[in-house]
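Before anything else, here is the set of structures, which you'll find just below.
The two complexes that follow have chain A in common; it is paired with chain B in the first and with chain C in the second.
And now, the complex of A and B:
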């Protein structure tokens, strides 16, 4: 198994990456025009494709939940926010204000969503947790408990399926190849899953302790480097974001959160 | 820290009147346990289900009372430390733990991360970690697994990695809780052999041995004694009340207390069972061979059910696809997990399904039950649905009480006399006294009986059972085997997935071998068990009794099923006779066999009789 060379985004220190993404996401909440988040979104997607070498298909699929949420935001704002010049969209006539705000909020969703994908798609969980322990001073008991819980989560779908099968087989009137979907059967399966998860997490806790987690000062065999390039990259991203807003202010399209209540 | 006479090497374990209560209600699980494990020796802990074996191990590693609620009273020292005084992670620097379930003790995503994790937590020098991790994997024969994702490991591989992760920090004591319980016979034998070789004492001059941790001691709970390469030197037997029944050198404890152990329902190694049944010598001697042949001939071989019996369940071209949430997301349909299965399960037979871990046995069973996505044809003769018992009884629970649990299917089937039927079923499975208890509060053996009761309350034409004896002691496993056989004898069809080849030989009429998703063969047990190439292919390692049969007994016309049943019957008869004359399994009759706490280290007792 030869792993491909890690990409620029993968090499970026996870803690710095997390901080940068959080900072930019928070800043994006203060802007309510459509152009700024649209530009940010396009830049992020370009970075994911070019610097993260994320396959287009993966990126598109990962966008699905954000697109759904963005669309609903757009529709709600168009329908409920009157005002502005009437705009004709085919058979519909809507207010320009609602359209502008709705589009801005929808694009902001996509922008923040794609920023979160930078974290999710290009960060190795163990590296993130090691770095958070190393650089953000998070306790190791905390970070590794999260990793172990992550392993438990990965296997929950299989356990869920086994339990659904195990309970379905007891119904003498079941139909072949169908698992029951009644709320009662789902509730019973969820309860069994919960009991199983509690018992498993108990065993995992014992396993974590038996590996000596939390016994005192620990060392790190694969320290995550934190160097000048990591900080420079963060600075560059923040400068770019600042420049984007500055250009918008000069050109006059940037609006703040005041526009929401105007 | 109070040190013993030799301050350099304290005993691995000294327990002096240790009493353990568990939970917030303070249920007493262990009562006044005295035991000593000198450094460099191993201790085997035996006892019936629910006698507190696991609790003893948990007290040793400090999980009780630190992680799980409970209290430990009495004098307890583990490698010279009182486990109540230090948190479990600190004690873990000296005590390694291997648990029963392979999947639930690997914490990280990759094998090498898991091993380095154990070293990092102890503050080891990062420059030495890779070397130590590689050495620990090599010690358990798992070097090739170093870059594998932990969730893709088979049960046997995962148990090796867990053992390596316990050994990598050079613990003074390794504590193992049924490490082979979930493994197929071949993997169980390999892991068992590793476990048997764990204990060590330093060489006379210490030359070449590492500077630290020259002693390594072992405390082991294990049922599959015939799979251990050598039995630990000392044995502790716990009775039902969590009291010590016997403690001493393994050889003497097993021989002198064999009847008590059998009476408690413990598994025993073959050599001891033969002696108990009255064999004139060890297996392989002429007298013993002749005696065993006669014994097997005294039990009639089960008449082969006529081939013309109707098929109760018929599968043609059956392929079973992986179920679950992820299955639907695959871009193209993945290769089915089980494919091209043509199988008739006849009325009145027990069909055993055997094969390696991960080979598709459980998936085949789900396919026969029509649960996963299947293609091809599978149907019962009558059109009635089949019943199935899953590996984990808790997965099948849907109701609040045992009574409701049994009534559940009967109500759905709109039967007339639900109450009467439920009462009869509860009686038949010995659950009437627990009828109003929560099914989650039953013991392991009771839960298994409950799952069999719920599966058979409708009297289904076909019963599928996935590892129904897993986690049970010998008496409970024998009861399950009896239930399955009785169903078949009453005209039902039973399909049984099991790793226990003795069970398969004893109850099955035919054996289906499933390897890598394909049905390799369906034949009589004697044909399958005699085929060395097939056994190697399917990870079927014959237990010693069946190994004797394949080498010696078969040539003398012995049937393997008759052999296993005959020895079981002879042992039970010997035990009953003893229990009638001397009912001394009461705690008062406890004797420390041989007096001495433990035998000299480094004298392994053979678990297998060489042939």
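And now, the complex of A and C:
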């Protein structure tokens, strides 16, 4: 690849990385206090910057959708969840319960979002699929079907543009340099894109079959290594998460799902 | 057309009734489907992969469009999440409708989630994989109960209701809907949304796709030829 030298997070086996990230973000669901996800988020961001060498700018931009989502969660919980002591926020007075749970859910969104950035920013899709085939026993047919479909995904924007231009050419009321913008034409273009994709899947099948897919065991051209360090890293992350919750339990700030209805 | 047919085409016999109107029931006329027991053919695998990837992209694009809207609507935005809840599940019933084999809907929905998370970075994070699994299972359950034989309108309504209930239970924990003032209103909106946007829309889309002839090699095409 073009990267000068893969970072620690990039070298981490993708299957192990996916499993760890999935486990931690599922476990995060069970915690409803603000402190635990906040700490987790800070640790993940630190790991991305230090171990993944992700530029700060990229990281900040990638956080925009999470912040939007988190704000929405915070606002809705503050508005719809009365109870607790009144808290004065400038001109507004809100319930403490809504504020605490809203903040917890918002911080959880940031935490889980940053975990997904670990996957997206430091994993090569082809490497992930190869590793899933090697280490998670994903059948070869599925591996190659998804990889082929991924190729199709890359070409989807071009196909979309071609369809839109074809629509514009056939539109009697077109103006130069403008694509038709009615919802009807957008829907028609989306449907054409879908039909085209289905038809391409038939050609992909022929291509895969002609390469002997499904006729026996296969070898892998660029195997992804899986070693002791990969597993140790996963263990370390899980131990850290466990320690975080344990400390919170001893200190008394960790709350479970029961807090939602209490 | 040089594409090989993986399911044997049946001869056109009668065009007695337009298949769009009559709910197709596998009456005594249709021969038993021999492929139900076996796994997916390569042809079907690739189709499910492509459907998953394309819809993963569509969902992701919708999420991007929706985010600014969500911020603009403020507190109502979270209710809007319930209005659109069904839209994120459409590929499950669609894939089941086309291929008519166990597990296809779950696979397609999970794959769409995988594409969103790993290839496109969704704000919902890796958890979306679990969400996709839950949505797929919810939507496929009614079809599994009919042993993948009934694909009339009611089957799709049942699929929508089931998807709504299952995803609501999951999201009640995930987003803290439990204990909010509108929890029941949310449930109602979500059921309607899932029936319309997931169940009925999947059937309409499947019929429209089948009408183009692109699906002739799959179970849905065979059923249409009857």
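Heads up, the rule we're going with is that the second predicted complex is superposed on the first by the 257 of 262 C-alpha atoms of A that agree within 3 Å, B and C clash if a C-alpha of one lies under 4 Å from a C-alpha of the other, contacts with A are read in each partner's own complex, and residues count from 1 in each chain.
Everything below uses one rule, namely that contacts are C-beta pairs under 8 Å (C-beta built on N, C-alpha and C of every residue); 3 or more make two chains touch, one makes a residue touch a chain.
Just so it is clear, the structure is predicted and the values come from calculations on it, not from any experiment.
In the superposed model, A:76 lies in contact with chain C only, and not with chain B. By the touch criterion stated above, A:58 is placed in contact with neither chain B nor chain C. Once chain A of one complex is fitted onto chain A of the other, the partner contacts of A:29 are limited to chain C, with no touch recorded for chain B. In the superposed pair of complexes, A:208 makes contact with chain B and with chain C alike.
By the touch criterion defined above, A:120 reaches chain C but does not reach chain B.
In the superposed model, A:165 makes contact with chain B only, not with chain C.
Using the contact criterion defined above for the overlaid structures, shared-chain residue A:105 touches chain C, although it does not reach chain B.
Touched by chain B in one complex and by chain C in the other are residues 125, 148, 195, 200, 202-206, 208-209, 213-214 of chain A.
Put simply, chain A touches chain B in their complex at residues 1, 125-126, 140, 144, 147-148, 151, 154-155, 157-158, 160-163, 165-174, 176-177, 179, 185, 188, 192, 195-196, 200, 202-223.
The touching residues of chain B, counted against chain A in their complex, run 58, 61, 63, 67-68, 87-90, 92-93, 95-97, 99, 101, 103-110, 113-114, 116-126, 129-130, 147, 150-151, 165-166, 169, 323-326, 366, 369-374, 384-388, 390, 392, 394-398, 408-409, 412-413, 440, 454-455, 458. For chain C in complex with chain A, the residues that touch the partner chain are 2-4, 42-43, 45-54, 56-58, 63-64, 67-68, 70-71, 74-75, 77-78, 111, 114-115, 117-130, 173-176, 178-182, 205, 208-209, 212, 214-215, 217.
For chain A in complex with chain C, the touching residues are 18, 21-22, 25-26, 29, 32, 62, 65-66, 68-69, 71-73, 75-77, 79-82, 101, 105, 109, 112-113, 115-117, 119-121, 123, 125, 128, 141-142, 145-146, 148-150, 152-153, 156, 190-191, 193-195, 197-206, 208-209, 213-214, 257, 260-262.
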